[in-house]
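So, here's a batch of structures to check.
Note that chain A is present in both complexes that follow, paired respectively with chain B and with chain C.
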Partner chain A sequence: MAYEAQFYPGATSVAENRRKHMSGKVEKLREISDDDLTIILGHRVPGTDYPSTHPPLAEMGEPECSIRELVEPTDGAKAGDRIRYVQFVDSMYNAPSTPYFRTYNAAINFRGVDPGTLSGRQVVEARERDMEELAKFQLETEMTCPALACLRGASVHGHSLRLQEDGVMFDMLERVRLENGTIIVQKDQVGRPIDKKVDLGKPMSEEEAAKRTTIYRVDNVPYREDKEVLEWVHRIFEKRTMYGYKPAVQE
Partner chain B sequence: METSASDTKKPIQIEIFPKRMMKPDTVEGLLNKLCSLEGIQRAFIQGPRLPTKVPFGPAVGTPVHHPLRTNVHFGKTEMGLEVLVGRITLELAGKEVMEEINAICVDTLPCDYDIREGRFIQTRQTVSDFAKRGPGADPVICGLYDPKSKVESQVNLLKTNEEE
Partner chain C sequence: MADDRKRMFQKDLENKFTKEHGTNKMGGGDITDMRIPYYRLGVDQNPRKLEMKKVGKEIAEKRGLAGYNPMMHCGGIPLGQRALTPSFISGNDDMMVENDDLHYVNNAAMQQMWDDIRRTCIVGMDMAHETLEKRLGIEVTPETINHYLEVLNHALPGSAVVQEHMVESHPALVDDCYVKIFTGDDELADEIDDQFLIDIDKQFPAEQAEQLKSAIGNTTWQAAHIPTIVSRTTDGGQTTRWTAMQIGMSYIAAYGMCAGEAAVADLSYAAKHAGVVGMGDMLPARRARAPNEPGGIPFGNLADIIQTSRINPDDPADVTLEVVGAGCMLYDQIWLGSYMSGGVGFTQYSTAAYTNNILDDNLYYDVEYINDKYDGAADKGIDNKVAPSMDVIKDIATESTLYGLENYEKYPVALEDHFGGSQRATVLSAAAGSAGVLATGNANAGLSAWYLCMYLHKEGHGRLGFFGFDLQDQCGATNTFSYQSDEGLPHELRGPNYPNYAMNVGHQGGYAAIAAAAHAGRGDAYALNPLIKVCFADEMLPFDFSQPRKEFGRGALREFEPAGERSLIIPAK
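Moving on to the complex of A and B:
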């Protein structure tokens, strides 16, 4: 029988969602066109070619190298794309994902990406078209609620604040707003106004966000209720502290 | 033995802490009702600042036009709201109005809230205050402004018939 990765312990809905995010087996909830995504990211004008930093690899004549033969370059690397970034911010109030699980999702399921995990934001650097593939995946699936998560290249501090009255995460630059029950993006990642308003669809209800979140909270699924997770965290902490990841020393 | 603020004749301070950040309309409604009560000496609103321009990043200097940064009216006084209000601190002459404040919050706030009693506004000048304002600073506005800013931009005295 082939080995199947288990990804994360636990029996609660939060643990199950964490497994989903890590494995990439997440439900697609919305459709965002390539042009809309390009507008929100703000790195290039929609419809234009990807600017490149070097000629396509096929034209460059690569040196003989066993590793280069073994590893197929990503589409972005093949074409010589620039390195560009996407940065997500997730609210602490039951946002579906968190920086850690966005990073797990990126590192496990995508090639050629460089995720950076911070307390309030998660940035991924990659060749432009590889980055867009990841950004589209994370935006279109249940990893993102348009009201509780946002693309923010600068000024991310709303993630730790209480939500606004309308249930949208605070943003001092007001990149997104709730209009007629749907979330409309009106500025790009860094706060430049965009020509076309992008509709990200309806936000999740409070109940749905609580069901899809990967965050343990005392007012939803408390961390200490997940006995299996707690047991494994204790086990890893003890092994790391006592034996420096050398369990054999214990015996 | 020290005595707590609640069992002396000294003013007491309370903090209204809603579970959601309040829209300007809600703040206006809430504070207008609170203003009508007797015995509220000072009020302090706090929340994240709403900038007029993007302060950093590649789009620095771009106008923000945040719709929540607006003017609100308290009785006859107009005030520019530069923050999204997250909490309101009140200084009361006594505990008699607590029930009325609670009733106003129930009527006005669209979400749950907490009301806590404690010490939320500073009582003495800090070194920064002293360096900026000197020894003759008005003790009534102590703790209501940032030492780096102008008092007029952060402290509003409500206009009343008696011109208090």
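Moving on to the complex of A and C:
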């Protein structure tokens, strides 16, 4: 019987959502054009070529190497793209994703990505077109609510702050705003004003966000009540501790 | 129990977030509100920022060179896009301070705490006395010791005793420099002039005094504090050198020795090496620090430097929390924050653990939980402790962590106050770790609870701290009880340079607290070194080591008077 990855323990909606993020089986909720994505990322002008740091691999005459033969380069690597980033900030007030689950989503489902996981933000560095593929996926699916998550390259504080009165996560640089019921991006990741206003669509309702979120909260799905998750945390803790104490114990 | 409990942070957070400070418009609302208006008032809403802005402008005009200008922030979007709020020093009712004033540069008390540690060493007298008596046949009596101490208190600040035509340091610049002695020998202590004696019986509760005197025995030690101004101009390695030099000269003067006789070398060797105890060990070359620098101070030593355990021995949680504050300031703000990283942001991480009573609330909740479930195990004592099993660690760490996480979820202002995951990780783990220790009396058991808390936190909120910080917190469980000696060191002997701790921002105070809690919880007089505990039981030190958090507050309020000032020798302003 073929092994089927289980990804994550737990019987609650939060645990189920975590499994979805990890497996990549998430619902697509919106469409973002390639040009709009390029604008809000802020790395290059829409329609321009990807800047490269080396010639295409096919032209480089690579050395003989069994690993290179074994591993198919990503499209970005093949083309010689530079390394660029996408960085998400997710509110702790039931934003659909959390830094670790964005990272797991990236690391499990995408190749050639280098995720960095912090408390207030989650960055992925990759060859530019590979990064864009990931960014588009996470932005267009249920992993992202445009009001409770935001692309922020710098000045990222907001994930733990109370929401604005209109339900949008605070951003000191006001990169997005709620306008006529939809979220409009007015600055790129590092806060540079953009010429074209990009519409990311409607925010999730409070109920929808609570249903899709991957964070445990006492006012939604309390962590304390997901016994299986706690049991597995304990198990991992105990195994690591005992292994360090005396590896033979684990045999 | 958790739901009904009145939170210790409630009043502070109400004052901080629902009352106007400066012109931040924070009047009204409730600390459970999840949405608020953001006024984006910039730095002008805050009194201290306004003062800094005004001074920055004056300095730039005076020197003709740009300086502090808050509009340089984010290309013209200054700090204060959300409300700039003050903080309250934990454990001290209504001691409100500006956050800027908890940066050590802006806080004379913080500077002095570190000065007082760095400029201190402990030097044994017994080897010197043996040299004098057995080699030179010189009689050593309480009278000669008193005379020697009078000479040394003249010489230690930088004055001449046997030389002629010598320059000397001005006594008004070095008035914080002195030496006292202590001993476990009651008979000798009785004969020592009061001015020179740290009287263990007077400074410590009887039970602790007995423990200390028993540990120290009939040995006699000098607690030497070189001038702050000297220590600041040089480094921690200077402390023993300066002290040894003045001790050598004072022996020569007090005992009528020949300045060139070989025995002097023995006295110097004893004072510089064989009989000296520093506060911190030398660091490896890649860290390039002398002895008596913060990275080399073991957590157990810091636990002993802090004196709350002799002032408030029946409240081990309070002892623990004072060590958290001191450790966060010294290890995180000064050591990691400046020595190691050169950044300015570490203050924000560290102050979370000693402001607004959020950690205090978590730990005192844990004490109630432990005492309720484990029959008073968190009270001071030895026989009441629970055996440190994996089940006990899991139970206490889990309850502590869930309670703390839920507070962040129920009280959005608490989450906002600890706006970074690193802050929350420190506070939650300091509570869980200290609670595990208070229940078991075993520091490594507390450390184990610390690491379980990290795992629980990460899984609960899907986030923890930052890259390197997470890495160390996620691999730490494996070396808590490691059978390999370099990994599994007893916690009291670990320090900020311990491999997994070398860049754990905000954590060091919590680690030090675990070392303190293990022994305060048992009612021990000291955690690691009885000599250090006694050395700092001295009210003459400018910094009051029995209540470091209050001292930091006094520093922030500009009420603390430090040592080592240069006013005497500079033009009056």
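Keep in mind that, in the parts below, the second predicted complex is superposed on the first by the 244 of 251 C-alpha atoms of A that agree within 3 Å, B and C clash if a C-alpha of one lies under 4 Å from a C-alpha of the other, contacts with A are read in each partner's own complex, and residues count from 1 in each chain.
The working rule: a contact is a pair of C-beta atoms (placed from the backbone, for glycine too) under 8 Å apart; a residue touches a chain by one contact, two chains touch by 3 or more.
Computed from a predicted structure; not experimentally measured.
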Quick one: chain B and chain C on chain A, clash or fit?
clash
Which partner chains sit in contact with A:153 here, chain B, chain C, both or neither? Use first/second/both/neither.
first
Regarding the shared-chain residue A:79, is it in contact with chain B (first), chain C (second), both, or neither?
neither
A:15 in the overlay: touching chain B, chain C, both, or neither? Say first, second, both or neither.
neither
Quick one: is A:113 in contact with chain B, with chain C, with both, or with neither? Answer first, second, both or neither.
neither
Which partner does A:237 contact after superposing on A: first (chain B), second (chain C), both, neither?
second
Have a look at where A:193 lands relative to chain B and chain C in the superposition and call it first, second, both or neither.
first
Counting residues of chain A in contact, which comes out ahead: chain B or chain C?
C
Intersection of chain A residues contacting chain B with those contacting chain C?
155, 157, 161-165, 167, 170, 172-173, 191
Chain C to chain A touching residues, read off their complex
33-38, 74-75, 77, 81-82, 390, 394, 398, 402, 405-406, 408-410, 412-413, 415-416, 418-422, 424-425, 448, 451-452, 455-456, 458-467, 470, 475, 477-483, 487-488
Sites on chain B touched by chain A in the complex
18-23, 26, 48-51, 54-59, 62, 64-68, 84, 86, 110-111
Where on chain A does chain C make contact in their complex?
18, 92-93, 97-101, 116-120, 155, 157, 159-165, 167, 170, 172-173, 191, 214-219, 222-224, 229-230, 233-234, 236-238, 240-241, 243-246
Show me the residue ranges of chain A that touch chain B in the complex, using the header's touch definition.
153-155, 157-158, 161-165, 167, 170, 172-174, 177, 190-193
